[in-house]
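See below for the structure under consideration.
Chains here go by letter, A, B, C and D, matching the order in which they are written, and residues are numbered from 1 within each.
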Amino acid sequence: MKTHRFQPAEYHLTLGSHVPVLEIEDGDTVLTTTVDNKGRDASDRQVTSPGNPQTGPFYIRGADAGDTLAVRFDRITPTRSIGRTRTCIAPRLLDPEYAAAVWHGGREEELLEWRIDTESWTATLLAPSFPAGRLSLPLDPMVGCFGTAPPRGQLIASNTASRYGGNMDYRGFTAGATVYLPVFVKGGLFHLGDVHALQGDGEIVGTGIEVSAEVEFTVRLIKGRRIDWPRAETRDSILSAANARPLVQAFQEATTEMVRWLVELGLEETRAHVLLGQCVRYEVGNVYDPAYTMICKVGKSLLQGIGLEGPWL
Amino acid sequence: MKTHRFQPAEYHLTLGSHVPVLEIEDGDTVLTTTVDNKGRDASDRQVTSPGNPQTGPFYIRGADAGDTLAVRFDRITPTRSIGRTRTCIAPRLLDPEYAAAVWHGGREEELLEWRIDTESWTATLLAPSFPAGRLSLPLDPMVGCFGTAPPRGQLIASNTASRYGGNMDYRGFTAGATVYLPVFVKGGLFHLGDVHALQGDGEIVGTGIEVSAEVEFTVRLIKGRRIDWPRAETRDSILSAANARPLVQAFQEATTEMVRWLVELGLEETRAHVLLGQCVRYEVGNVYDPAYTMICKVGKSLLQGIGLEGPWL
Amino acid sequence: MKTHRFQPAEYHLTLGSHVPVLEIEDGDTVLTTTVDNKGRDASDRQVTSPGNPQTGPFYIRGADAGDTLAVRFDRITPTRSIGRTRTCIAPRLLDPEYAAAVWHGGREEELLEWRIDTESWTATLLAPSFPAGRLSLPLDPMVGCFGTAPPRGQLIASNTASRYGGNMDYRGFTAGATVYLPVFVKGGLFHLGDVHALQGDGEIVGTGIEVSAEVEFTVRLIKGRRIDWPRAETRDSILSAANARPLVQAFQEATTEMVRWLVELGLEETRAHVLLGQCVRYEVGNVYDPAYTMICKVGKSLLQGIGLEGPWL
Amino acid sequence: MKTHRFQPAEYHLTLGSHVPVLEIEDGDTVLTTTVDNKGRDASDRQVTSPGNPQTGPFYIRGADAGDTLAVRFDRITPTRSIGRTRTCIAPRLLDPEYAAAVWHGGREEELLEWRIDTESWTATLLAPSFPAGRLSLPLDPMVGCFGTAPPRGQLIASNTASRYGGNMDYRGFTAGATVYLPVFVKGGLFHLGDVHALQGDGEIVGTGIEVSAEVEFTVRLIKGRRIDWPRAETRDSILSAANARPLVQAFQEATTEMVRWLVELGLEETRAHVLLGQCVRYEVGNVYDPAYTMICKVGKSLLQGIGLEGPWL
């Protein structure tokens, strides 16, 4: 149960079987930093190429294909006072004729600046102003992109997502959440990056408020337990996260993974259907990038009420 | 500002230009009843054919194509002690190979019974039981299907949805919500039915807890104001509801309608994009039936914080 | 086996249970006319509202829900020398960012004129010209929209399609083709309209070359034979046509309907899979309107080669 | 203009920046071999892991990001007398309820054997037999998977496809076709494999008739010419091939790429729309694997008729 401090010297634009930057044990904690989506660090200097650069990968001793890796995000803190967002909803997320009528190519690339204040715990848009003045929002920092190495020797760009995780951009992946990831290769190879100070559902303008960050996380290795898609546990809920296209396929996969999870927790399969039918909640992760992310969620208190108890995985 | 009591004698399985059952004025309130999705009434007798039978249509004097109809649901109360649900997530909402492996044709048609108790405000599943006993859930009654008459003389089945409303099965359409509907024909012709005692997101088993109900609603006519999709206002939020296939098209249309709404409220269009980018929330309505429903939602307090004030429409 | 001449006096913008214009017997032939998509007749006068006005419906004596109606198109002849097309691929059928960059709202509504010459059997675009002069194409007249009345008392707009047929805009529905349609209501109620002098796959600009036409067709009633989707038989092939959204769902339904057909023809189901796996052909019907049309096709000579013989339905 | 004979010693399960196996010049011809999808060679021995193993990559001297690589398939010859197919249409390509009712997990993995006869130029299914005896089909050999290295250092599994090519499984990629591929990395890095003796549209059972093969191809480097998606030229047609999910997105991208191509050939953009509107043809490539392939096609004689002449790229 060691705490490692790791300051990255280089970053990866793909998730995959890169040379590990650090070997850690089951139960260890890592305190590290991430650059923003454009490769800018805490000093706002560009230190690597843009495109969701990933810190890592971290090699977890003993992890093998077929295991599950649990990663608890202990703390996620923006490390600079400036954050940036794009300005324009992607045309592919609007009515095609509306988009064609109002959208002007290039606008998508403009960036707006926000002042990140970790004392008042707010992000304030510097310009433009709104009718009542500046737009100021409470921080809600989350890790936009993280995952294990995919199978088959693949190196997959950090702007997409699949069974190994990736760029899911779900605003529930905040400090306190424990994420569960399938292990496909020896050591698991955990990557992370693309922290947002906060974000709307869907990441429909193509960014959250993009910041550099300090992230502390603790890993737990669950041997011999195979999951098909990322899962997570927050204070109140358990959830599955599936990444696919079209959106309904992400919906199908997230739902199926939740059925499997409930069955693993001891529920007879038809009861899992009955329960989800009247109680399930869905949320939308990234719908901007190639793979769409759909979240399928069930409240812990509901599960406890029907006699299921944690640990949930 | 009159209150009408209307007890239906017949029902419609389509929304459209049927002969109106009642003419009402702008501002009037209607207290009426609905049968359940199978056509069963408060006595649990089948009084009409199954398939979301609709009460109405109600003719609103002065309403013309291009206007908007506001309908506030004042009260939605189940009127019998038995509710029913289907048992099985639709195969098309599961991973296709998983569905093919576990699903058995016909199961979809089984019905389970729930005891609806409007005193304790709970629904309790009579069988099967769960590990901790019976599954009991707080009531959250909502109108599953409602809408105006579609254009072009169409009569459209009450299991689907489009710009005129229809079978949206969104759990936010509860008492207290005001829904806004485009008017396509003289009198608007408001229909309603398919009340659920409560429901999970998506209506993934094909039903909520289906009940007969008493519904009180108050109409307001907004002359000369054209909207493209249903909208609504709850205590906390404004929301747009779009009904289309595939799911991402419902997402596109709901997002576009919300952009339009924010612009109508006085926000410059690019500011609407910026705001939604970091603050929007999405929810999932019906994904069981031919048209999928996606909800795009923004908090009223957020809007007030940037200087926008109601009335919202 | 009578031949009826029927000159329509009015038209319908929906397919459904309208009052029949003519009652005919199994085996009868009808010689009638259709107006173009804009409601213009052989004299190019607008005689009814635009939106694929339908001639009919024709009541087939003895037809009941669960039967199949076979309609052979004996002859389809343009009846005027002018045809019209739209000019611009719909933005929703282009890359969204490309569409947003190049598309200008309103262009979609422009109309170009073509000279239809039934002697030389060509359509010639009057303007604009192409590098080598005028664009001239061989005629290939087809019926864009036809179908029976849908179930449940619905009246459904003639710009969409479903199990009953509708606006399929498939260029294979030419003279010589026999189409098979499910019967949902007493009399079947066959409608037709929207003839194109010729058309590209997908109807991606929203029109074929739109003309008024004379259509001769012969009906055959197949009692007690139920099909799930429109089917057809051309000189060389049998094909199924499914209408749904998204495109892959039309693909699924067309494929499934062809599997069923091969099984009905006597092929063991796994052999149907094996055969289609290596021999199936797909074509694209309408992808412009709400429901997309996908065609699943198998060659008759291939079927004869494995020992299956007609009649095919 | 040299001809290289290259016998692979190892294969790759991903397309990407692997160490090149051979450096060739613009204009050179390569005569090489491919193993089948399962990694079996001309002797039917498994010599590498299954999953569309790729021969190559071949490094083309002088190729840089932003160029286009033209590859003409001169000859594609099966090199053994046995081919194999799967037996069962994937459940995700059938109506979900039909699939759930009739499909039995595991059937998808069964393999059938075909005798490949390059003298009679036929493939004959050994078992099961059909009503008229054995199913025998004319050979039509094609390369199922080929492409350049994708950008960003990615290594992408050879069962999917994108802008760089990949597993497109289009039956038009036969001997005589010239394919055009975008170059993303120095040397281009051309891979190929997964030859089918023949195949139905869509590869709906998950395989064509899978064989080992000898492939001869000739490369031409087109400096400074950037294309966005694979294109090809056959004897009769030019075509674009786009790989995406959902199917309609592949349709959008293929259509857009064809518009660009026609504009490059000198057609004013609105004329390109008009021409495609009435003359375009679509075909379906792979719809079994993660990315769907849609083909957008225009006849060369049509283009010549309006005054456009080759060379086409």
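Note that a residue touches a chain if its C-beta (ideal position, glycine included) is under 8 Å from a C-beta of that chain, and two chains touch if they have at least 3 such contacts.
Treat the numbers as computed from the prediction; the structure is a model and nothing was measured.
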- prompt: chain C and chain D are the same sequence; what rotation (0 to 180°, nearest 5) superposes their CA atoms?
  reply: 180
Message: Measuring between Cα centroids, which chain is at the maximum distance from chain A?
response: C
- prompt: How many Å are there between the centre of chain A and the centre of chain B, using C-alpha atoms for each centre?
  reply: 32
Query: In whole angstrom, how far does the Cα centroid of chain B sit from the Cα centroid of chain C?
result: 35
Query: Which residues belonging to chain C are in contact with no fewer than two other chains?
result: 92, 96, 99, 246
Query: Which of the residues in chain B end up touching chain D in this complex?
result: 90-92, 96-97, 99-101, 103-105, 246
Query: Any idea which chain A residues touch chain D in the complex?
result: 13-14, 16, 51, 152-157, 244-246, 249
- prompt: For chain A, which residues are in contact with chain B within the complex?
  reply: 85-89, 92-96, 98-99, 102, 107, 112, 125, 128, 130-133, 135-137, 198-205, 207-209, 246-248, 251-253, 255-256, 259, 266-271, 273-284, 287, 292, 305-308
